[in-house]
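Listed next: structures, encoded as structure tokens.
Both of the next two complexes hold chain A, though its partner changes from chain B to chain C.
Here is the complex of A and B:
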């Protein structure tokens, strides 16, 4: 077990909307060890991006959002930090790479300008030095001819190159934690392979913790050490990657894994289907949130919400029917 | 072997590019001399990276785009030079399902209008009949009848894609070009749509041209697969042959980049150097030589022809 760099305790994120308050993330807890890659998986609307943006407190706190719980990063509770201190955490100690690199980069500034911006905000060094470092970062993320690329604008680069520039921006202050939110979703498989290789490489070289947010289970299996599966704002299962793929317990995890199309020995394996769709956040089912789509649902599941219970070494499941919770609820 | 339903011979689709002040600045050879045959009832998977020309080819084959050169036959009728008016009766035989069901459905029309419009254009059925057939089609693609009066924005991505499929099926086509039909969908919804497409194919003996960059979906769906690179078909084989005995270096790179959902086999990848060259100025010789680890002098100067390397398996590479 490594040293915990980030600990999230009971995080709840609520948004004020026109139709009242909506809870996007409901009491989730997890941690990231130094130097590990944690996968956060789930479908659209499960709260994985809200979780990551809550860690950096990216929502407008004056109006939209209410946080509860605790986010401990190196001993400090980020949720209690004044905005000014938070600014040095954002981009400095915790960095983020977003899905859409074209809208995350400013089209009016060159690559070097954008990387230098975060260096100059977080560290006291001269512009010339910052530029040299920016070029060095571009080289580190594998951009050929970095001297020339540094003076180009985002529109002059391909999608893969832009994503590399984003990663260069994120890494320019040597963060201890990198949050990568679907970093390759818009990219081709060959480019995805390059970017994933790069993230893994930097994770090893810089001993940086990574939270990899994705809906692609195959990417998770190749990259992550541990995985947390989210459904409707909650973690429903958490385990190390081998256990999760070989002995998934939650019906939702099982369903996700079985809905990956696989071909063995030239024959299509029956593609299992999770019936229905993820309900909207203002219509969250009573009891277990997965119940309406669950093939094993019993009357027990509609009465109360199952807790996230340990079932093995580092393996937690939120289900009455597959773990420690069962006996407890019946007795 | 099944009869060919659509045949393309040396099809080229080139686009003029205009620079500043509308001056001609060059030509993008999006599809450059592709020949292929789709057989009745099969799923032909077309794979390749962004910008390789797979969508342009798909649209050219059903004459949504005008080919610059080459010939296209639908069931032995040459459709290359038919006028739009002449094409109209044939359009019902070739339909298309798009990647983004949000932008391919008119947001101001409710589902019922979107569906009945298809039948109205063909002008064969009465209003009542059009409505009945649309309702039947809704249930066939797994949507409840009350969705008839819903608007696209009220539906989820999966439901919208079902409407897109229903619209394509209403004219009783023989061939459907599916352009990344499941790429924008979530995992659990994706498998629902894949299953629906397979069921509909079985019931109606449809032919699919299945365009996708997702190799695992293609492996699951397709009977035969063609691999495109910079506007050219570089390899074609049955799905098992292609995935088990890929011959072209590009196909091998593409396959090795696909992550596998098994944490115990994190395999070594062939990581591709460089980026896709601009289709405005494709490299001479073999289009892949700038990124190929095995390129020789010959590859730089001479363009390789597609040749048969096993029955039904063709590839264009000098070093095979």
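Here is the complex of A and C:
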């Protein structure tokens, strides 16, 4: 195992809303090794974005949000860091790429301006040097004619280009960890593949850890070393990518995997979807959160919330039934 | 950018044509006869007809319009039927106090409204926001004559700080005295606009504070202060300046009320009198000049917006 650069312990994120406090992320723990790509998957609304934005503490702490737990990054607890120190982590050591590149780039500034912004914040260099670096970053992320593109505005670029510009922004200060929150959902398939290729390439070149958030399991299987599956603010299963795809234990993971279209022996398999929908945060079920949608649910599941139990080497699962079976098999 | 300016100027020509035609028709199709009004009740029909001929009012309307336009293009707004001097002179004399009053009103509205709107947005949902939003509602719903009377009662009658009415030219009385006379009418005129500016600024800034690019900038390590000054303000500027520009136009229109209360010899009072007497030339000229100011104001704003927003330049 490599050196852990990020360790999240029992992170809980609560939002104050008009209808009272909601808990969007409930006691999640995971880690990222240096240079690895961790996949974070789950249906829409299960708290992937909240998790990633909690790591950088992007929510307004004076008003909206309350964090609990610990986020250890290279030994420091980010949740205890004063705002000023936190600012040097943001963009400098942990950088983020968002889903929608059109709305995430400021429409009134050129690409170079937006890349230079991070460079000038985190590094003591002149504007001219920063600009040269910005152009260099554009070249690195594969933008043709970077000198010209640098002076263009976001609306003048295509979606794929903009996503590359955003990645250039994120990588301009050589962060140790990149959080990519569904970096390709707004793009078409070929561009999607190119962006993923780029992320993997840079991950190898810069030995940078990556948290890749997506709900595309095919992407996960190609890109990631390990995967954490989230459901309704909790991690329900975590394993290395091979184990997760070959021996998924949690019924939710199994459901997700079954919903990937596959063609076997020339015959298209029937696509199955998980019954029901993710409930809203103010109606979280008692006991196991997945119980109402679980095909294997038993009375045991409604009484108590199952813990996230280790079932094998680096494999953890939050389910009474699968954990139990494993134990029985062992004893 | 030059290209954009040129296109904008070109687009003005049809606008101005339509404006002039509308003004002309409105005024000439409304019943009432300036000749009859001028000659008084005892005038005979012959006298009236003779005056019509002299004033060119017997010509067919299209011809009257063309003659008017012809003069306009030479910069000649005509002569008043009732007042001494050319309309150009009359207008210039009356325009100055109105513009001065409007300038004070807009300056007041913007200098108070924009910061308050920003404070409200930043403190959304808290006491400061509620206080400011309440204040803006009062501002928006306060008619300017009430506001004017209230100000006079407080600052002139009770505190005896400022004069209650009148107008002093800068050239004659100096800046300080001029401003002492302009302050109350300016504030009365600008109060509603201040309310509107608070509201618009608040919602413009609120929208931008929750924009994705603000979150992105924060994730790059930009400090809150810089985030606000660099990204939020620049993006909110278009919304804010649009309201400020609009408030300039509506202050010009609303000046008649405060000019009457504070007895200022401005364009509002001039228009009221001219309309009563069917002084076509003056009314036409006033409406035309105000519309022109409107068009110019919009043009300046648009050019400014094109300067800050690259997306506008493209269109």
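Just so it is clear, the second predicted complex is superposed on the first by the 323 of 331 C-alpha atoms of A that agree within 3 Å, B and C clash if a C-alpha of one lies under 4 Å from a C-alpha of the other, contacts with A are read in each partner's own complex, and residues count from 1 in each chain.
Just so we're on the same page, a contact is a pair of C-beta atoms (placed from the backbone, for glycine too) under 8 Å apart; a residue touches a chain by one contact, two chains touch by 3 or more.
All figures in this text were calculated on a predicted structure; none of them were measured in a lab.
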For A:197, is the partner it touches chain B (first), chain C (second), both, or none of the two (neither)? first
Chosen between chain B and chain C, the partner touching more chain A residues is B
With both complexes overlaid on chain A, does A:106 touch chain B (first), chain C (second), both or neither? second
Point to revise | Partner chain in contact with A:29 - chain B first, chain C second, else both or neither | key: neither
Who does A:12 touch here: chain B (first), chain C (second), both, or neither? neither
Query = First (chain B), second (chain C), both or neither: which does A:260 touch?
reply = first
**Message:** Output check: A:153 vs chain B and chain C. Expected answer is one of first, second, both, neither. What do you get?
**Reply:** second
Chain A contacts chain B in the complex at 43-44, 144, 158-161, 188-194, 196-197, 215-219, 221-222, 241-242, 245, 255-257, 259-263, 266, 268, 271-274, 277-278
Interface with chain A, chain C side, in the complex: residues 125, 211-213, 215-223, 231, 234-235, 308-311, 314
Listed in rising order, the residues of chain B that touch chain A in the complex are 49-50, 156-159, 186-192, 194-195, 213-217, 219-221, 239-240, 243, 253-254, 256-264, 266, 269, 271-272, 274-276
The answer for chain A against chain C in the complex is residues 53, 56, 58, 63, 87-92, 95-96, 98, 100, 103-108, 117-118, 121-122, 153, 155-156, 166, 169-170
